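Okay, so chain A shows up in both of these, paired with chain B first and chain C after.
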Partner chain A sequence: MELEGRWRDLDYLLNRQGNVVGPGFEPGPEIREFLQSDCRVLVVGAGGLGCELLKDLALSGFGCIDVIDMDTIDVSNLNRQFLFRMQDVGQSKANIAAQRIMQRISGVKVTPHHCMIQEKTLDFYEQFHVIVLGLDSLEARRYMNSVACSFLEYDEDGQPDLATVKPMIDGGTEGFKGHARVLIPGITPCFECTLWLFPPQTKFPLCTLAETPRSPAHCIEYAKIILWPKERPDDTFDADCEEHMRWMYDKALARASEFGIQGVTYQLTQGVVKNIIPAIASTNAIVAAQCTLEALKLVTMCSSGLNNYMMYSGTDGVYTLTTPYERDDKCPICSAGVSFDAAPSTTLQELIDMLMKDPDLGKHLSAPSVSYGSTNLYMRGALEQQTRPNLEKPISELVDGDGSVIHINDRQLVAAMKVRLKFGPSNGEMDS
Partner chain B sequence: MIRLFSVREKQKKDAAAAANGKTVKQSAGELRLQKDISELDLPKNVSIRFPNGNDKIMNFEITLKPDEGLYKGGAFLFTFAVPTGYPHDPPKVKCVTKVYHPNIDLEGNICLNILREDWKPVLSISAIVYGLTYLFLSPNADDPLNKEAAAMMQQSPAQFERVVSQSVARGCSIGGEFFPAARGDRSG
Partner chain C sequence: MSEESPSAEVSPHSNAVSGETSMDKSKRYDRGIRVWGAHGQEALEAAKVCLLNAGPTGTEALKNLVLGGIHSFTIVDGAKVTPPDLGNNYLLTADGLGMPRAQCAAECLKELNESVSGSYVEETPRSLMTSSPEFFKPFTLVIATQLGETDAVTIDGICRQHGVKLVLLRSYGLLGYVRPSVPEMCVTESKPDNKVDDLRLSNPWPELAAHAAALDLSATQEHVHSHVPYALLLLKATKHWQEEHGGKLPSSYPERTAFKDLVNSWQRHVDGIPLDEENFTEAISNAHKVWAPPSVSSELQAVLDDPCAASITQQSPDFWVLVAALRRFIEQEGDGQLPLEGSIPDMHASTQQYLDLQRIYRAKADVDAAAVQAHTRALLEAAGRDPSAIPLPDIKHFCKHARSLRLVRCRSLEEETGPGSCRGSALRQALGQEDTAANAALYVLLRAADRFHQTYQRYPGTFDGEVEEDAALLKSQANALLAECGAAGGTVGGGGGVSDDLAAELCRCAAGELHVVAAVVGAVAAQEAIKIMTGQFVPLGGCLIYNAMACTTSVFAF
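Then we have the complex of A and B:
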């Protein structure tokens, strides 16, 4: 049964004109219909942020939500991952989260996927209008970034083809700090454009760990990095295994007492080994709310969106700042790259010569190497000898066909340059 | 801001999308590593091997034959495992040839700052190779990973020199631990 007035506030946004609406916004009831019946949103991660995101999206009118997470519920999640209960411990986060949202919010369909993000194929990701990330690692973000950017195509004028743009909203929290970010491949910067922004993990020098430990964390890291591989070389360490963690703690404690260091506890051991930063429920709530709002704005255009990064800090009062990050026009992942005409029968050597003679490209190249995905077609440096035989082969033998994207590396380039091969209908037979 | 979806047209599926059954071909980390490898001009005393073939470059081996210093005459094998998080995360490097060295322990862990605390994404495989070369030219007893080796190097440099040359050339026992001749194979 639909509660009366359930959509009143949403309808205010979607059924009326306004001064800050996005481009092409035409108010009307069909926008909510679209949101509830046709719009597909994927939430990546069903942890602290994920629970908030699912709840917010469902309550904001998104009717068809998918959620993917490989993790199972741990007892330590229960303080903030509010969709989970004691009896759910050990079960799939995605499955339980989906179940709970559907129990509590009528009219929403949540489809869970209990697997790794790498297990899904590109056509899985392609079906979504928008992807919202609630992740805790840069590695997973970079993976999702490659996924979103792999759909992107540019037209002849170097403008992104809007039908191939897969927008993502990224949320992130760390203690009292958080961010929300809008990634529209081809339009706003992707993760690789601004990779330098991510601070490195603090790591202790190995010799400090081995010889001059000064803090409890040094003792725990020592147990993890030095002692485990030495004393249990055949076991793969599993942070979720009680016995493994207990072993780590005992070793760290022994190490600490040897050096007169106070403060090694089981909890700290878990924290250091799993690299846990205390999660704050309110930070998750604030960041997820912003992300949901951005997703809503992006698909309905009821307001212009965040441009393009918002940071939040709750350490000292409440502070937010919005900054537009800039794209890297040479980004190897999201940049347009260049189209290059070549007959399929052109040999790799001829192709390299043509690239170097090209008035635009040639000036950036002195000694180019060429790769195609993971396949190293011709590499200078360490693989020169091994890849040299490819120089004589026609490119049609080396790549999949018309429109294949190869990467050119050269000392004069900061990063790999994308080149889209166009097999012109000119001379030479068309290869399949 | 741009308008991405037309609500009225709903969603017209573009049949051109050739995503069927595919996954992402290559990690951004591998793409960056390709650049490193294509620019890796190794000095004569260093060689590289890709045991899994030319197109699987995330794991490789480097052999270093120091041409100067105490370790001259030896050959040392290092394994490199490059994570998909590269270059945000550094490669994992181990010295799998057993060596008596103040900054390398018996498990092959290496105390080289750019491999851990001072790693920066602007560094490259080439920088690590230079770092390793330097470590064999100038062992550093102030930051020991093998404490006994460091102590000997500081307290009796002549003895240290002698046992290192002997272990590298012919193999010998030092403090009850046998170090086979450093011939560039896995002896760790």
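Then we have the complex of A and C:
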């Protein structure tokens, strides 16, 4: 039985009309009922952000929460992942997090999924009204992005079909800095539209590591990339195994002293080998709460929503920047179709080769399959034999004509890339 | 803890693992230590924190500090756990309904980290401030949440009197407020995001100049030539350029292009085709370091010019003694330059050439630090202190960070809110500027809400039927406040002043503490607390307004 007045402060927001609200906001008790009983939200990741997100969602009225994480609890999580205790080390993050939230907050159902995000089908992801990401890698974000965008359909006028829009909220932190953003496929930029926001990782050239090391990091990378495969070819390196990390540290230290380089420590070795991002409780809390607030706004329209990116930095006072980033009309993942020039006489094989070579599109592709509507034009795997003859056919025989949208699938992608064919003048020549 | 305080120890959680070893600690706190270092962690582990009010704003702030590993906390709260607490506060339990909120929160917080001890006082902050202001003396930091303006001014006065640091914070519907109140914070490790390398390419000291001159590029073997660090290439090119241009540096775009061409012309060629040596590519892309060396920032200049550094007494804090020594160094040995920081960025180079260069920079940094040490000793002696009171490692640390020294002084809350001392013109300006207008209006409305409370003994919007009337009353309180601090002007509802929409939004939420707003505000305050306790990074110098509707923040120093 619900305690009288428990949701008093939240109800002010949901039951009273406001002047700064989202479109179509209709205050009333049915909003909280919907949140508690019908609204499905998925939290991806039960780490630093995930723990905060689960607590924040549960205390913002969300009653049916799922959480997915393949990881187990480590001692170094305890400085911020407040749902975990020393005695939980080694157990599933998703399971423990779900238990703790349900123990503390009555009336909330949290369903844990202790597995990889890639193990779930699209049907699983489709059931949620909103997906909140608490991830620490770009790869996982890109995967979830392609999942959310795979549901998106456009009408004949090129407008997104709102029934197919699967909104996502994303958060990320590093040290005293973080960001929160709202991704509404077809309406706000998706990850692929703004990949430039993620700085490239620094990679050292092999010859530097092998011949002219200058920094402690060079010595550590040498131990990891060159010495481990050479000296322990039968062992798979496990960053969580202390003996493995010790070995790495000893080798890096020996390398450093051979060259007269100072500064190799065990802590630095771990940092370089595991690519550790410094993470603290407060920053995770700021970002996760902002993300949850946006999820609440998105579902209830109780206040104006974030458009569409907010960065936070606490290093020099507090500085935040709220910016509406723009979509990339050429985004192959969330646009209605990237325009691509090809002569009508281009064969399907030639078209595939051109797509692979294209600087924007090719980076998403390794072994593409092509379809047109419900017709498979060229498929890898079981249908390869059957569709192979199409490779020699001119594209104009396979699609309806200029402006046709073909779908490119690839194992690197979850969502099909949509390519709008523009029939140019001569074979294989591009006009730009 | 003071003897007479009615504080109670919370019994340790039965499942707690006791006696964590230091190895466990370094693992547990690893991700934080990567941000603030082992010395920052030590400072946290010595910190005693007092929390006023255990609503979600307070418990969320404290939670982040307990996880980070502070020494201990004490919660002061006079309320009992009620149903609304269970809808917005994670750090209370349903079993605790009717129990003292301070006790219940202290138990939940202690579960988060068995090395942190916690206690509580079941009393309202106001009554404790009145009855025993000295209660607050033993704490490192007070986190004061959800206080009205009058109580906030009181605790600020008490903390300043006892030298206790203070962070004030508040969640109010979709509005958040965080305000550190420290009279003076001297920051050595401000850890700026963008550090410019200090390479002295246009004004090398004799050892560096000699090292560059000793290298004859044309006589080197190919693999040496392609592994000369770019700093050396630029040093040689700069000397060459200055000799041909009357000692001047390339200053115009064509000159800078010509300078890069000069560097480029020294590349090795095979059959007339340049080899594209990577060190030369790096030299060209780093050529700006010749004509744009790091400068003295306005913040650093303010530190150097501060009256505290002009006269050193026996009571002067070490920071100001070191700033005074730094000033002497700049005037004398430095010839206008700061002590050399001593580290160099990675450059494409052979190990030997790179380490040789690194050694030269480090040696110069040591020489500069020794000079600063001599000034420090002289200053200490003149002030009647032990000349070796500040050890060399501290002086080296100070010199290494000299370029990014920062000073933060927060006005007292009494100054900020007093009708005679508040900065009305700054407030009027903030209300008139597009990017700050809404958040400045929220600042005014929050203060107006406190006045409303003093007048009517309730916050605006408490009763469903009176929300609109309250908005009008709140608005008139806001206008009265603006007039009182000389910030009135502009039209009501736009172009200055406070908008009706925002006044209505403030009444809509009726001073409610939404969990997510409390979590943001509490965590921002926790970051500030960590900065203040570790002395690293730069704390806020004014109050932060968090606008959860627009997802923006503004910092005001009124």
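One rule holds for everything that comes next: the second predicted complex is superposed on the first by the 336 of 432 C-alpha atoms of A that agree within 3 Å, B and C clash if a C-alpha of one lies under 4 Å from a C-alpha of the other, contacts with A are read in each partner's own complex, and residues count from 1 in each chain.
Operating definition for what follows: contacts are C-beta pairs under 8 Å (C-beta built on N, C-alpha and C of every residue); 3 or more make two chains touch, one makes a residue touch a chain.
No experiment lies behind these values; they were computed from the predicted model shown.
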With the two complexes superposed on chain A, say which partner A:Thr323 touches: chain B (first), chain C (second), both, or neither. neither
Quick check for you: in the superposed arrangement, does A:Glu52 touch first (chain B), second (chain C), both or neither? second
Touching A:Ser257, do we find chain B (first), chain C (second), both, or neither? neither
Tell me which partner A:Ser366 touches in the superposition: chain B (first), chain C (second), both or neither. neither
Is A:Arg80 in contact with chain B, with chain C, with both, or with neither (first, second, both, neither)? second
Is A:Asp9 contacted by the first partner chain B, the second partner chain C, both or neither? second
After lining up the shared chain so the two structures overlap, which partner does A:Ser304 touch, if you call chain B first and chain C second: first, second, both or neither? both
Of the two partner chains, chain B (first) and chain C (second), which one does A:Ile226 touch, if any: first, second, both, or neither? first
Touching both chain C and chain B, counted on chain A across the two superposed complexes: 304
Chain A residues touching chain C in their complex are 3-10, 12-13, 16-20, 52, 55-56, 59-60, 75-76, 78-80, 82, 85-87, 104-106, 175-176, 180, 208, 212-215, 259-261, 267, 270-271, 276, 278-286, 288-290, 292-294, 296, 303-304, 306, 310, 313-318, 320, 322
Counting only contacts in the complex, chain C reaches chain A at residues 15, 17, 20, 24, 27-35, 56, 60, 63-64, 67-69, 82-84, 86-90, 93-94, 97, 111-114, 173-174, 178, 190-193, 227, 346-351, 354-355, 461, 464, 467, 500-502, 504-505, 508-510, 512-517, 519-520, 522-524, 526-528, 530-531, 537-541, 544, 548-553, 555
In the complex, go through chain A and note every residue touching chain B. 22-25, 30-31, 34, 38-39, 118, 120-123, 126, 129, 138-139, 142-143, 145-147, 150-151, 162-165, 167, 184, 187, 192, 195-196, 198, 200-207, 210-211, 225-226, 229-230, 298-301, 304-305, 307, 332-333, 369, 371, 373-376, 379-383, 386-387, 407, 409, 411, 415-416
Contact set on chain B toward chain A in their complex: 1-8, 10-11, 14, 17, 19-32, 34-35, 37-42, 48, 50, 54-57, 83-85, 88-89, 103, 105, 107, 109-111, 113, 115-117, 119-121, 143-145, 147
